[in-house]
Amino acid sequence: MTDAAPSASLADRYRAVRARTEALTAPLGPEDQMVQSMADASPTRWHRAHTTWFFETFVLEPHLKGYESPHPLYRELFNSYYNGVGAQWPRHRRGVLSRPTVAEVGAWRQRVDRAMVELLAGADDALRQIVDPLIEVGLNHEQQHQELIVTDIKHGLLQNPLDPIYDPKAAAPVAHASKAGWVELAGGLVEVGYTGDGFHFDNERPVHRVHTAPFALAGDLVTCGEFGEFIEAGGYTTPHLWLSDGWATVQAEGWRAPLYWVSDGGRWRQRTLGGRRDLDDGAPVTHVSFFEADAYARWRGKRLPTEFEWEHAARSVKPAADGTFADDGALHPVGRAAPTHGGLRHLLGEVWEWTQSAYLAYPRYRAPADALGEYNGKFMNGQRVLRGGSCATPRDHIRVSYRNFFQPDKRWQFSGIRLADDR
Amino acid sequence: MTDAAPSASLADRYRAVRARTEALTAPLGPEDQMVQSMADASPTRWHRAHTTWFFETFVLEPHLKGYESPHPLYRELFNSYYNGVGAQWPRHRRGVLSRPTVAEVGAWRQRVDRAMVELLAGADDALRQIVDPLIEVGLNHEQQHQELIVTDIKHGLLQNPLDPIYDPKAAAPVAHASKAGWVELAGGLVEVGYTGDGFHFDNERPVHRVHTAPFALAGDLVTCGEFGEFIEAGGYTTPHLWLSDGWATVQAEGWRAPLYWVSDGGRWRQRTLGGRRDLDDGAPVTHVSFFEADAYARWRGKRLPTEFEWEHAARSVKPAADGTFADDGALHPVGRAAPTHGGLRHLLGEVWEWTQSAYLAYPRYRAPADALGEYNGKFMNGQRVLRGGSCATPRDHIRVSYRNFFQPDKRWQFSGIRLADDR
Amino acid sequence: MTDAAPSASLADRYRAVRARTEALTAPLGPEDQMVQSMADASPTRWHRAHTTWFFETFVLEPHLKGYESPHPLYRELFNSYYNGVGAQWPRHRRGVLSRPTVAEVGAWRQRVDRAMVELLAGADDALRQIVDPLIEVGLNHEQQHQELIVTDIKHGLLQNPLDPIYDPKAAAPVAHASKAGWVELAGGLVEVGYTGDGFHFDNERPVHRVHTAPFALAGDLVTCGEFGEFIEAGGYTTPHLWLSDGWATVQAEGWRAPLYWVSDGGRWRQRTLGGRRDLDDGAPVTHVSFFEADAYARWRGKRLPTEFEWEHAARSVKPAADGTFADDGALHPVGRAAPTHGGLRHLLGEVWEWTQSAYLAYPRYRAPADALGEYNGKFMNGQRVLRGGSCATPRDHIRVSYRNFFQPDKRWQFSGIRLADDR
Amino acid sequence: MTDAAPSASLADRYRAVRARTEALTAPLGPEDQMVQSMADASPTRWHRAHTTWFFETFVLEPHLKGYESPHPLYRELFNSYYNGVGAQWPRHRRGVLSRPTVAEVGAWRQRVDRAMVELLAGADDALRQIVDPLIEVGLNHEQQHQELIVTDIKHGLLQNPLDPIYDPKAAAPVAHASKAGWVELAGGLVEVGYTGDGFHFDNERPVHRVHTAPFALAGDLVTCGEFGEFIEAGGYTTPHLWLSDGWATVQAEGWRAPLYWVSDGGRWRQRTLGGRRDLDDGAPVTHVSFFEADAYARWRGKRLPTEFEWEHAARSVKPAADGTFADDGALHPVGRAAPTHGGLRHLLGEVWEWTQSAYLAYPRYRAPADALGEYNGKFMNGQRVLRGGSCATPRDHIRVSYRNFFQPDKRWQFSGIRLADDR
C-alpha cells in the first residue's frame, strides 16, 4: 500500500495475475465478451487479447528465440494506441471483430503463458535484467485491464433491459461505520512522487516538492445519501454550480443522477453487477464524473483536493487498504465499516477519488524513449487525476503515489468524491 | 417462378423454412452471431430471434391459448419497426445485446416451433382461415431474413482483416455461356402486378395497366469484366455520368469500385463468403448501388429498365429460375452457363436487378389496417425497386411480380445491373 | 398559363426580369443580404450574384467579344452546381463571404446588363439563334431564383426573434370563396408534357402517354382550418399516418405544426413576411413537407394526386392564373375568392402542390450534352414533384407542364396540399 | 506593464476604449461585420453589440434611473454566456441575425455612451464605489473583445479566396535583432498572482507561493524560420512528438503548418490582415495551437514553461512592453528589433505564449457571488494558460500576472512559442 515492492516471485505473480483475468471473465459467455457498448469501453474478448498481445509484443517477440505469434495481423488488431508498434485497428470498431473467437483468444493466452514460463525458466541474469521490468509493466498493465474488464462489462451488460447479472453476490450491502470528521493538515513544502524502489509508473516520478497551504480533508467519502441531497436540492438544474463544460454536458446528456441510478416509483435505485439494488445511503457514491464531483463540492461550499494534498495526507496517515478492492468480490463500493487511520477512512479502495488536478507531467518528467514511452505521457492533456483505487482495483496494485486519470465527463469508472477545504 | 402457389403443406413448409434458417447459421459461432457492422445490418442472432418473434407476436399470442413468451421484454427487443406492436429497441444498438444468448435464442426458436406444430395440429378450419395467411407471411418474411442473414454476415465477417471464410466452397467459379444480345419488346398498354391466387406481398397489387413505349432489354446481366471497363475509363471520377446525389456519395465514401472489390497489386480481386477470389470477368457484377448502376448505364449510352418494363419482359418470356439461388450454396452470382428464355438469361436469381423506378404504391393500393400494414407501405419513399431475386434468395421465394427495394446508395445486397434501351 | 410563349421582346423581358430581382431585394439591407440560415437557403447577395454569373458564364463569355468578368474567381464563387463549369464554393459556406459586397454585386449586375444590351443590339440572326435560347433559360432561371430569394429571406429573417418585417403589407388577409367540391376525371391514356413551341425546361419533355384510372381532384386547396383539424386530432403523434421516413423526421425535428406556425396562448398564429398574423382558417395551408401532405391525406382517407393526374386535370379545365402570384405582392397564399374553372380553383398560384410522384425522367429523356445538361436531369433522385406555382412565383413563369421538385422533408418553400381520390 | 493601475480618469478611459473599438471596425463594411466563419468566432457586429450590452446590463440598468434598453430582447440576443442574466442566443447562430443592423448597433453604442457619461457625471461617491469597479471590468472586457474583433475578422475575411485586405499597411516586415540566448533562473519558492492595487481579473488572485526548480527561459520567441525547420524535419508526420489528442487533431484537421500558412510553389507564404506576405523567417511564429507548440518544444528537446515560471521570470526582469501591440497597427507579430531586458525580449506583446499549465483556479480562489462570477471561474477546464499579450492586445491591457486561456487545439488567436528548459 505504501511504496514497497511485492515479494512473490515474478513467475508466481505472472501466473496469479493472468489467472485472475481469466477468473474475472468466467461468468461471461462468448456473446457477452463481444459487447462494445461505447467507444470508451472494449469487449472483454479484446481485453483478454490485448493484455496477451502486450507480453507477446514487448517480451516474447524480442526476447524469446523462435517465438511466433499465432497470426501476423494480431500485432495490429490488438495494438491499443502504440504508434511505435505500428497501425492499430480502430478503437470504436473493436466490437465488430468476431475472430479470433473467444476460444481462440483463450488458446492464445495459454500459448503466451507457456512461452513466458519457458522464457523465465531459461533466462540468465542479463536477460532477466531486461525482461523483468517489462514483465512487471505487463502485469501492472494487465491489472489495469482487469479493472476495465469489470467497468466495461458492467456498462455493456447494463445496456440490456433484461438486466443480466454478472454475479448475484456482487454489491450486497454491508454495515457502515459512523461518520468521521475532517482531518486537518498543515501543508507547507511537501514531497510528492514515488520514493520506493519497487514498481511504479513513469508518471509517478520524478519525486519533487510542491507548496501547499493548510487544508482539511474529509475523513469519509461522500455517500449516496449525501449525494441524494444534492439531487433533491436541484443540483442538476442549477447552472452556477457547474463548470461551463460540465453544464453543457449535463444539458447534452440529460444527466439527472449518477450513472446507473434509476428512478423507480419516485425513489432512486441502482443497477449493479449484482442486479438492481436499493440505494444504500451510507455507501460511497460512485459513477460520478469530475463535473458532478466538482459541482457537488461547490454546492457544499467545499472543494475537491489537489492530487498533491491527497498524496500528502495519505503519506501522513499511512493508510490501510481498508476499502473494498476487486479481491473482495463485491465489485461495488459497499463501504464496509472500518476504523479510520489518522482520521481518514477508505482512502484506498472503494472508489477512485477525483482530484481537481489536471493530469500533467511532474517537473523534469521525460517519457521513456522506447515504445513503452507511449504508456502514460502522451495522455497528459484534458484529463483530471484520480487517486486511491477502487472496488475493481486489485489490492496489490495500488500505491499512494498512483495517478489514475480520465476525462472530466467520464463516469463509467468506479469514481467518487472526497471533499477538501481551505484552512 | 411465375405466379403459382407452392404445393407443399403449410406445416411442411414451416418446418423446411425454419430449418433452412438454422442451417444457414451453422457455420457461425456465437461471436459471429453478435456482429453488427453497420446500422443497416443486423446480427445473425437478432435475425433468428426476430423471425421467431414474428410467429410469436402475430400467430401464437393471439391464436394459441396458453402460449407464453419466454420473456415479456422480447416483444420490444425483437420488434423491428412495428409501431402498432409497441416500442422497439433501437436498430443500430442490436449488436450490444448479448442476452438472450445464441443458445437461448435457439431454445426460443424450438419453443415457438413446437407451439406452431401444436397450433396447426389443433386448428379447425375457421382458425386455419385466419392463421394460414399469417403463417404464409411469416414464412416469406423469414425467407427475406435468410437473405439478410447472408448479406449481413458477409458484411460483418469481411470487416475483419483476418478474412474469415463462411464456406470455403462458396463463390467457386463456373463456366459461362456466350453473350446473348438484346431482346426487343413492343411495349404498349401492359399489365403489371400479381395475378395469381397464391401468396404475394401487398405491394404487388393491385394489378393495373401501364403504358410503355417500345424498348429493348439486354439478354445478359452486366459482368465484372464489363464493369471493369467502366472503372478503367474513369467512370468513378467523371461527374457528368452521375446523379447529383450519387456523385456526392462517391466523393463522401471514396468509392472506386463495387463493394468488396480490393485492389491487389494493380488488379482487382473480390472478397466473398468463400474468401478472396480472382475476379471472374464473365460473372455478373454485384454489390453495386443504384447510383453505380445508373452511372454505368449512362456511360454505355443505355439506361436501366423501369420495373414495369422488366415485369412485362419477364411475363413475355416465362423465365426459368436459371440463375444462382441460395439453394445452390454458392452464395455468389457465379453466372453459370444456361440457355436463354426468349433471349433473356438469369432474369431470376444471380443478382437483384436495379430498375429506374422509384418504389411507390401501385394505383389504388391501401396498406392493410392491421399491424402487418406496416410491412411494406410505409417504406414507399426514397427507394428504388429491384427485381428478380439473387444468389441469396430461396428459389421458391421469387416471382416475376416481386418488388424488392433499397435506398439508392446501398450496396451490401447482391444487387446488379441489366441494361435497357429505347426503341 | 397554358403552353403559349410570352410575346414581349427578349430584350424587354430581360430588362423586366432583372429589374424585378432588384425590386425584390429593395427592402433588404446589406446585413440582411448576408444571412444564410441553413444550407438549403442562400444569401440574397448570392442569388443576385449567381443569376448574374449565369448570363456571364453561358452567354457573355462565349459570345460577346471582349467581355471580361470583374474577377476570375467569380466563376467559382458563384457557380452553384455545374461541374462542367468547374469548381464550386461550398454551398453551406455561402454566408461567410462578405466580398464582393452587396454594392459590388449590384455594380456587377449593371455591368452584365450593359453587356447584354450590347450583345443583343449587335447580334446577327445566326448569333441570336444561339444566344436567344440561352437567354431564355437565364431569365427563367432568374425567375426561379426570385422565388428562392423570397423563401430564403423569409427563413433568414424569421430566425430572428426581433421579428423583422420584409413588407408590412405582405400577407394581409382577404375574402375567400365558399368551398368547391370534387371534380371527377375519367382518366384513360392521357398525354403529359409540354406540347407548345415556347420556352420550357428539358424535364417537361418528351411528351408521352400515361395510363390513369378514373379519379377525382379536390376543387380547392387544403386550408389552414382543415389542417388545424389534423393537428387537433393528434396527426403529429400518430405513427401509422406517416411514411417511415416521415415519422422519423417528425421525431427528430419535433414537428408539431407547419413551419412558421407558432403557438400563442393556446392558439396557432403564423409568422409571415408581413409579421405575425392570426391564422386565416380559409386560406391555403403552406410550409408543409411532402411527409405532412401525405399524412394529412391519409388521415382524411384520401391521397395526393400523381403529377400526371394533376396535369391531366389542369389540361382538361384550362385553368386561369387565379391564385396569388409574386406579382400580387402578398408573398403569402392568401387564397382570394375566385370562380372555379371546371370546378378547380387556385390550381395555378397560391402554393406549390405536392404530388405523390417521384421526380424522375420522362421516357426517352436525355439531358442536353452541354453544361446546361446539369440543370435538371442530375437531380432526379429522392425528390417529389410539385405542380402549379406559388405566391412567390412570377405569374408569367408557370405552365401546366411545369415540374418543380424538392426532397420530401423540405418545407421552407410555399408548398401546400390538394387532395385526390380514387373513383 | 507591471501591476500599476492606469492613471487617466475613468470617464476618459471609457471614451478612449469605446472609440478604439469603433476605430477597429472602420475598415469593415456591414457585410464584413456579419461574417461568422466558425462557432469560435463572432461577427464584428456582435462584438460591438455585446460589449455595449455589458455596460447596459451590469451598469446602466441597475444604476441609472430611467435608463431603458432599445429593445427587451437585446438582453438575450447579446448575452454571451451569463446564465445569471438569463437565456442566451446560441453562439454558433450569431451570424444569422441581421437585425439590429450595423447602423442600429452603432446607434445603440452611442445611446449607451451618452448614458454612461450621464451616470458618471451625476454619480456621488457612494455610487462611484459601486459602479467604478463594474466599469473597470467593462473596459477590460471591451479590450478583450477588441482583440477578438481582430482575430475573428481575420478568420472571417481569410475564408474568402478573394483575399480581402483589412489594412494594406498591416503586417509590413521590420528589422529584427540578433538572437538572444537563454536566461537562467534559480527557481525556489516564488510568489505568483497580482500584487498591486489596480484592476486585475479574479483569476490572477489570490497571490500565493509555488515551488519551482531551477530552469532556463529562451530570450526570444520561436521564429517562423525555426518553426519551418520543424516542418521540414517531418514534425507534422511524426506521432511520437505529439500528445495523443494533438496527434488525433493533426490527423483529423490535416494540419501541415500553422494556420494561415499557404504553400505557394514549394515555399510557404502567410496570409495576414495586410494580404499575402512572404514568410519573415525572423519574425515570431504565430497561429499555432498548444499541441503544435508542445510538439515543437519536444522536437527541440526542450519544453514549454509553466505559467509560474513565466511569471517568475517576468517579475525578475521587469519587462518593457517592447513587443508589437494593437496600438502599433501592424496587427501581426512582426518582431521589431529591441534590446533585451534581463536577457528576455518580447515577453509582452507579439504573441500570446503558450505555457504547459492547465488553466485552473489559484489556491483559495472563489468566484464572485454575483453575475460577474461567471466571467472566469467557470471556464477552468480543458484549457491551457497563455501569457504576455499579443499584437492584437491593447498595450495598457496587459500585466505580468495576466492569464489568458484557450483550448489546446485553437489557433486562430495570435498564439506563439517561447521555450523553457530544465537546469
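Lettered A, B, C and D in written order, each chain numbered from 1.
Everything below uses one rule, namely that contacts are C-beta pairs under 8 Å (C-beta built on N, C-alpha and C of every residue); 3 or more make two chains touch, one makes a residue touch a chain.
These figures come from a predicted structure and were not determined experimentally.
Asker: Kindly list the shared contact partners of chain A and chain D, in label order.
Answerer: none
Asker: Which number of steps is the smallest that gets you from chain B over to chain D via touching chains?
Answerer: Tracing touching chains, the least step count from chain B to chain D comes to 2.
Asker: Could you work out which chain's C-alpha centre is the most distant one from the centre of chain B?
Answerer: Relative to chain B, the chain with the farthest C-alpha centre is D.
Asker: Could you work out how far the Cα centre of chain C sits from that of chain D, in whole Å?
Answerer: Computed value for the inter-centroid distance: 47 Å.
Asker: Centre to centre, by mean C-alpha position, how many angstrom separate chain A and chain C?
Answerer: Using C-alpha averages as centres, the distance is 60 Å.
Asker: Distance between chain B and chain C based on Cα centroids, please, to the nearest Å.
Answerer: Chain centres of chain B and chain C, defined by C-alpha means, are spaced 38 Å apart.
Asker: In chain C, which residues are in touch with two or more of the other chains?
Answerer: Chain C, residues with two or more chain partners: not present.
Asker: Quick one: in the complex, what on chain A touches chain B?
Answerer: 29-37, 45, 71, 73, 76-77, 89, 93, 95-102, 156-157, 159-162, 164
Asker: Show me the residue ranges of chain A that touch chain D in the complex, using the header's touch definition.
Answerer: 81, 83-84, 189, 208-213, 239-240, 242-247, 356-358, 360-361, 363-364, 373-374, 378-382, 408, 422
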